[in-house]
Each structure stands twice: as C-alpha cells, then as structure tokens.
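Letters A, B, C, D, E and F mark the chains as written, and numbering starts fresh at 1 in each.
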Amino acid sequence: MRSIFFEDYRIGDSRDTWGRTVTEADIVLHAGQTGDFYPHHMDEEWCKTQDFGRRIAHGTLIFSIGVGMTAGEINPEAFSYGYEKLRFIKPVHIGDTIRAQVAIGGKRDHAKRPDFGIVSESLAILNQRDEVVLACEHLLMVRKRGGAEA
Amino acid sequence: MRSIFFEDYRIGDSRDTWGRTVTEADIVLHAGQTGDFYPHHMDEEWCKTQDFGRRIAHGTLIFSIGVGMTAGEINPEAFSYGYEKLRFIKPVHIGDTIRAQVAIGGKRDHAKRPDFGIVSESLAILNQRDEVVLACEHLLMVRKRGGAEA
Amino acid sequence: MRSIFFEDYRIGDSRDTWGRTVTEADIVLHAGQTGDFYPHHMDEEWCKTQDFGRRIAHGTLIFSIGVGMTAGEINPEAFSYGYEKLRFIKPVHIGDTIRAQVAIGGKRDHAKRPDFGIVSESLAILNQRDEVVLACEHLLMVRKRGGAEA
Amino acid sequence: MRSIFFEDYRIGDSRDTWGRTVTEADIVLHAGQTGDFYPHHMDEEWCKTQDFGRRIAHGTLIFSIGVGMTAGEINPEAFSYGYEKLRFIKPVHIGDTIRAQVAIGGKRDHAKRPDFGIVSESLAILNQRDEVVLACEHLLMVRKRGGAEA
Amino acid sequence: MRSIFFEDYRIGDSRDTWGRTVTEADIVLHAGQTGDFYPHHMDEEWCKTQDFGRRIAHGTLIFSIGVGMTAGEINPEAFSYGYEKLRFIKPVHIGDTIRAQVAIGGKRDHAKRPDFGIVSESLAILNQRDEVVLACEHLLMVRKRGGAEA
Amino acid sequence: MRSIFFEDYRIGDSRDTWGRTVTEADIVLHAGQTGDFYPHHMDEEWCKTQDFGRRIAHGTLIFSIGVGMTAGEINPEAFSYGYEKLRFIKPVHIGDTIRAQVAIGGKRDHAKRPDFGIVSESLAILNQRDEVVLACEHLLMVRKRGGAEA
C-alpha cells in the first residue's frame, strides 16, 4: 500500500498487464454468477447458425476480468468513482487471450470537493491479435496532497 | 425470442426485476473470477479498521449481477452497444438484497447506419432499503422496422 | 409472476427451451457439488478403455440442468410435488448440446386436498441429434380457481 | 471396484452416509449450475414475506447431493436405470445438515434381458432433526451371476 | 469409520487411487481459490513462447487433488501431522490424468507423547505415462493400541 | 517481471501479505476441488460432537491460499523446487482471517548444477490472533548471476 496523490498522476503514463486466456470455464462461471444463460454464451449449436459462429464471452465478464487485471498495488488515496464510454468493440471467444492497457488520460478538479480531483484512466482490453475488444474510461477520485492538509 | 424494433421502444416504459441477496460466496467467486483480492472485499479484520466497517462487494460484481438480472426475453433485433455514466453510488455488503429497475430513457438515430437506432435504458440497482447503489445508462443498438426493408 | 390455476392447464400444451452446451466445466463443478468423482465422469484415460469411450455427464447434472432450463415465469399457484419415471436414456458427453421439451401430460384431483389438483408434465431432454437423453414426469400441485374460493 | 451381482443384493440391507451441512455457497453454486435464480432460493428479503420465511435449497440440489453422498465403492456389474417416486417432503434451509439412508427395497427380473435384474433401493435424505426431507426409489440394473454365463 | 492403530500399519503396504483428468476448469478454479494468476497457469499465448509450451497446473492444485484422492475411509485414531520432501517433479498440463500411490514408508515413536506414534506414508502422483509428477512424505500421528490404555 | 538472482537474496529479508478471511464458500469450493468431503470440513452437526467443535478448513486449502497470497512479482530466474517441514499447527475455522509472512531463511549451492543455488524461504501463516496456523519451508531454485554467464 503506497499513497499516490492527485498531483502524482501524470497524463500519458501507462502500464500493461499480464495476459489471461479466456476459457470455457470462465464463461460457465460467469453465466452462473450473473444468471445470463443466453444462447450466445451457452449454446454452441445455435451459435453455429449465427454470423458470429461460436460462443461469445459475456461483455460483463471481459469488463470484470479486465478491471481485475489492472488491480495492482493499493492506493489508499484513491477510490473508483465510475466508468464512462464502456464499449464492447469485438467479440471475445473461448481461447482468446486478453490483456489490459491503462493510460492516464486526464485530470480535473472535483466540482464539490476541493480536497479531491478526478483522474481518468483509459482502459483498453486487447486480444492476442492486438485488437481492442473493449474500451472504457475509468474515473478515479484521488485525494490532493494539499487537500490532505486542508 | 420476439422481435422488438426501434420504433417499438417507448420512452418511460420501465420494468423491475426479482431481487437477489448478495452472498459471501458471490464475493469469493467474483474475486476468483477477476483476480481482485483487495482487502476491501476479502479481509474482514482489516475492514473493521476502516470507515466502511465490513467487506464490500466488488463494483464489477454488482454491475454484472445487475445486468444479468435484466436479461429477459431475447430481442434478435437489438444488441448491446455499451454503457455510459456507470457510477458506484453506495457500497453493497454481504446480506444486502439488490434488484434492478430499467427504464427507456431516450432514443436517437445512429449516425452512420440509417437502418439502426440507439435506445438508451437507465439501469438502477437498488438495495433492500430502496437506496440506489449503482446506476448506469445502457446503450442498445436496435434495428428499425423500416430499416429492415431498406 | 402470473397466476395459472389448475383449470388453466391444457393437456397437450407444450414448450421448448433454449439449448445449452454441456461443458467439461459443468462436470467438474457437479462433481465438486455432489462429491461424485467416479472415473466415468472424471478419468478420460479409464473411459477410453470402456465401451462408452469418453467421460459421461452425471445423471443428476443433466436432470438439474434440464429442470433449471424449464424454470420460466413463476406461477404462485403451483409448487413442485415430485418426479416419476426419471430415466437416464442415453449418455451425455462433453460438447453435447441439450434442450428441454415440456408437455402437459395429465391432470387429476388431489386425493386429500379438494382445493388442489395434480398436473403432470412430461419433461424430455434432447441432444443436438434430437435423441432423448433423459425423460421424466414432473408432478405439480396446483391450486384450483374454485378451490381458492372454497 | 468389487463385483456385486444381482443374487448378492439382500432385501432389507441398509447403509447410512456421513452428513453434510447445506451452505449458502451450495445454493449459490447450484443456481449458477442450473440457471434457476427463483427468489425462493436467492432473495432473502422476499422469503421473509412468505410462509417458509427463509431461502430454500433447490430440490435438484438436495437430490444431487443425496445421490452423491451414496456413491461409495464402484460396482462394475450395476448401472443406474432411473428413479421413481421422487418426493420433496420438507424444505431444506441454509445450515441444515443432511445425510442419506439407503435400503434395498426390492428385486425383480428384467422383462427383456434375462441376464439382468432390477434392484430397487429406497433412498431417504434426513435432516439434523431426523426428518425425511426427500425420498425416492433408485432403480439399479444389475447383472446376474448366472446371467453372465448365459 | 474404522479404528486403525499405530501397531496395525505395516511398512510396505500400499494402495492406488482412481485417476482424475486435470482440466482447464480445475486450473481456473484453483487460480480463483488461491489468487495465483501467474501467466504460467493462465496465459496460453505467453506459455507458447516458453520452453514448457503450454499452461501448467499449479503445484498446490496437484498436491491438493492428490491428497484429496487418497482420502478414503476415516481413521479416528489418526490425524495429519504434516508433510516432508514435497517435490514438484514434472509439470502437469491440461488433459493429463493423474492418480496417487500411497505406501507405508516408516514408523517411529513420538518423542513427547508415548501414546502416539508417527507413521510416514510415501505419496506419489503419477500421470498417464506412469511418470511421477509430484512426490512427498505424509506424516500421520496415530494412537497406539496400548497407548489408548495408558 | 524483474530478475532477482541467487546473489540478490539476503538472509533475514522478510515480507508480509494482505490478509484474507477464510469463508464457508472457500471450504465448499476446496472440498469440490479435491473430493475431500470428510465430516471434519463439511458436517457442522458432527463437528459439534467433537473436541474441535466447529468445521475445520482443509490443510491443503490453507496451504494453497497461503502460497497464493505470497505470489507477488514474477522472478524469471527462480522456480519452485518444493517444500519441507510443512506442518498444520492450529485449525483454521470459518471466519478466521489469515495472512502470510515470508522470510529468507537460508541459501546454499545446488549439488549438481553450478549455475543455480537453493534459497529457502520460511513461510508462516498466521491468524487474526497472531497465532501460527501453518508453517513450512519453501525451496526455490534460483539462477546465479555468474552462472548466467557460465
């Protein structure tokens, strides 16, 4: 656990995560966790009759794994505020390997809380062909160094 | 499976889902699916020393369950385009019971594809005290009835 | 949730469910839930030496999935009484896709409770080659419309 | 693995299994395996408003666990033919501890296969108050010792 | 449950277990249970660039399954004291089938408790090519028959 | 991923991990992964009749979680060789919170491979009362800096 304050975030800083192969077991477990058993995710025979041809991972699965992969060291000065512009860009199939790229995209003051700022991180999930499959903007609320003294 | 076209969506239409109690098992399974074992979710002793006092469900868990709860009948004319304004408003703890409310919030043409429109649904997840714990705007891309003939 | 009374059930009415591909993960999870790690389900090498040649899904797994697939809208006037003539007709292997067919097979008064009747549903689980792999008769205890007034 | 032939089964022979406490995790995992997220199993708040007062384990969960608990030594001369008179007699709640009792209830020749007989086992699942919560009759098809030579 | 006392163990006695195919689902579940998402276990693309070429099961998974496979009848006079010389000898990949061999390797008095002795079991996990993939020595603390009277 | 060579390890260096509350779900999942459904882990009613009074987590569960908790940054110059002196010192019950302490305990040359050394780490798992519940010695095979040039 290491404190990183609002002032410490630098626009353009980026990091990559390790990769993870999306498995049939992941999809089965995510259906079980969410209750979404749509045939797009669960019925290989029906999928064969569709344009996409094979089972597709749930969008919430790829989002959840992607966010989880970026969970590194804990910053006690920050907490997750929300997400913007979450887009499911390409389907992820069983056997695809995904990884995440995070880049600091912007910083701004918080409208109502002078001791906090909003940091936006661009999160992109890529597959083994370097195609972006999911993108979103993560909003972090981060304490200001000065704000801590206020 | 029943076709609902862009023209069929009416702003203001809404629906409620059944509820679901968020369990310790859900959190354990979500940590296992995402790899996020932060002490906020997993370490009851550490949580006792924090303001929030108890383990908190992952934001992606509540989002995934909430989206899953709204998965009803399949509409072959629509697919999920993405989400906007995803906000984690209140913590969800073990034993809380959540349900989802979906309301048609807006409709607009798709900029590049004249045969499709964008429908936005407001999704709110509420707990057993009727407090909104998570909110977001779901964007659906829906085929136009006329568009199907174009 | 919509009330369907004993009088509303019509013999011969039937419905089909979506399909679901039975995965290796399903078998692993079911072994884990039941404690049945027989080599018929878990040991691919031993299975190769047997007539059936490949791992077989547990009968209770196919029954549980099949019953789960038929869980549609909730009828507050009915509850499950039990099952008759449950038969495991053909093995289900990893990668098979199953679906369920339910047909109202019979109706009779309840011997001791005049305000209830017994509805029997024929449940058949079929694979992707339209072979019945499991069949059973589901007994529902359903409130009579008149009975509600008695 | 030890061969037990049709002639070896004796009516009245019985055995008891170890017990197992049914947990919230079991219900969450069974909902996830079957897709049955009915509020009877998943929504503690709604259950409080009903006569039964608390979440109820799925009938297929208790059946699956009960059958799994009786899986002891493998008998290569027998295979499961099916079940009769499966009845859900009392609800099982989180924290209840169940065990199984199996008794040889009957034996008869197989109508079409002279080298096999049908053995019926009475299976009862009991809770920690010795109440039967589920009962059924298990049909085993078992090779005859003489039949093996026929 | 059957009492086996220290005096009853005979050096050289051995037993084999049934086999079990290690699945992708097992690895996914073990990563989820332990939080170890190292690319050696989870990232098929990265593994292709390494000498070992494919995902490898966690050592603790093979150890846990192997120990679990040897759990047979309960001996109320014995309890597990610990393990020595645990070695991960060969990698286990998805689809390998493992089984365990247990042999009584040694017996000695317990230094401080005259009513107990230490029995050491040699545990070897083998794959389908009869290669030892994991070996260890299991120490059991077992009550002496005489000691029970002391 | 950062290279740490044999020469870089310093005896006495130590690190602590985050904590993790051991849940009923963890035990249920570990029974399911290993097939060990002994009543010590699964039957609360039977446990009440024993000295230990409550369900106990599997030793392999605590070992697996403990090892997993210490998995930090990947060192490409090291791999796990095995474990010594694994001891289950105190039972872990549902709701206990465990954490791991790792200290470099010793270093020695490898008998047959001059380019490698053996580093032994002392691993202790502690509960929320700072009691050691499990201890072992982890052997790492680590490349020598000089050895890399040999």
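Everything that follows uses one rule, which is that a residue touches a chain if its C-beta (ideal position, glycine included) is under 8 Å from a C-beta of that chain, and two chains touch if they have at least 3 such contacts.
What you are looking at is a predicted structure, and each value in this text was computed from that prediction instead of being measured.
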**Request:** Using the touch definition up top, find the fewest steps from chain D to chain F.
**Result:** 1
**Request:** Going by residue numbers, if over half of the contact pairs line up, that's a repeat, so tell me which of A-D, A-B or C-E repeats D-F.
**Result:** C-E
**Complete:** Of A-E and C-F, the pair with more C-beta contacts is A-E
**Prompt:** Where the centres are mean C-alpha positions, what is the separation of chain B from chain D, in Å?
**Reply:** 38
**Asked** Between chain B and chain E, what is the gap in Å from one C-alpha centre to the other?
**Response** 44
**Message:** Taking the mean of the C-alpha atoms as each chain's centre, how many Å separate chain E from chain F?
**Reply:** 15
**Complete:** Contacts with two or more other chains occur in chain F at residues 23-26, 28-29, 32-33, 35, 37-39
**Item:** Topology of the chain contact graph, where touching chains are joined (line, ring, star, complete, other)
**Value:** other
**Fill in**
Pairs of chains in contact here are A-B, A-C, A-D, A-E, B-D, B-E, B-F, C-D, C-E, C-F, D-F, E-F
**Message:** Going by the contact rule set out above, which residues of chain D touch chain B in the complex?
**Reply:** 23-25, 28-29, 37-39, 42-46, 55
**Item:** Residue numbers on chain B that touch chain E, as the complex places them
**Value:** 29, 31-33, 35, 37
**Residues of chain B that touch chain A when the two form their complex** = 26, 29-30, 33-36, 38-39, 58-61, 63-65, 67-69, 71, 74, 80-88
**Prompt:** What residues on chain E touch chain C, complex-wise?
**Reply:** 18-21, 23-26, 28-29, 95, 97, 128
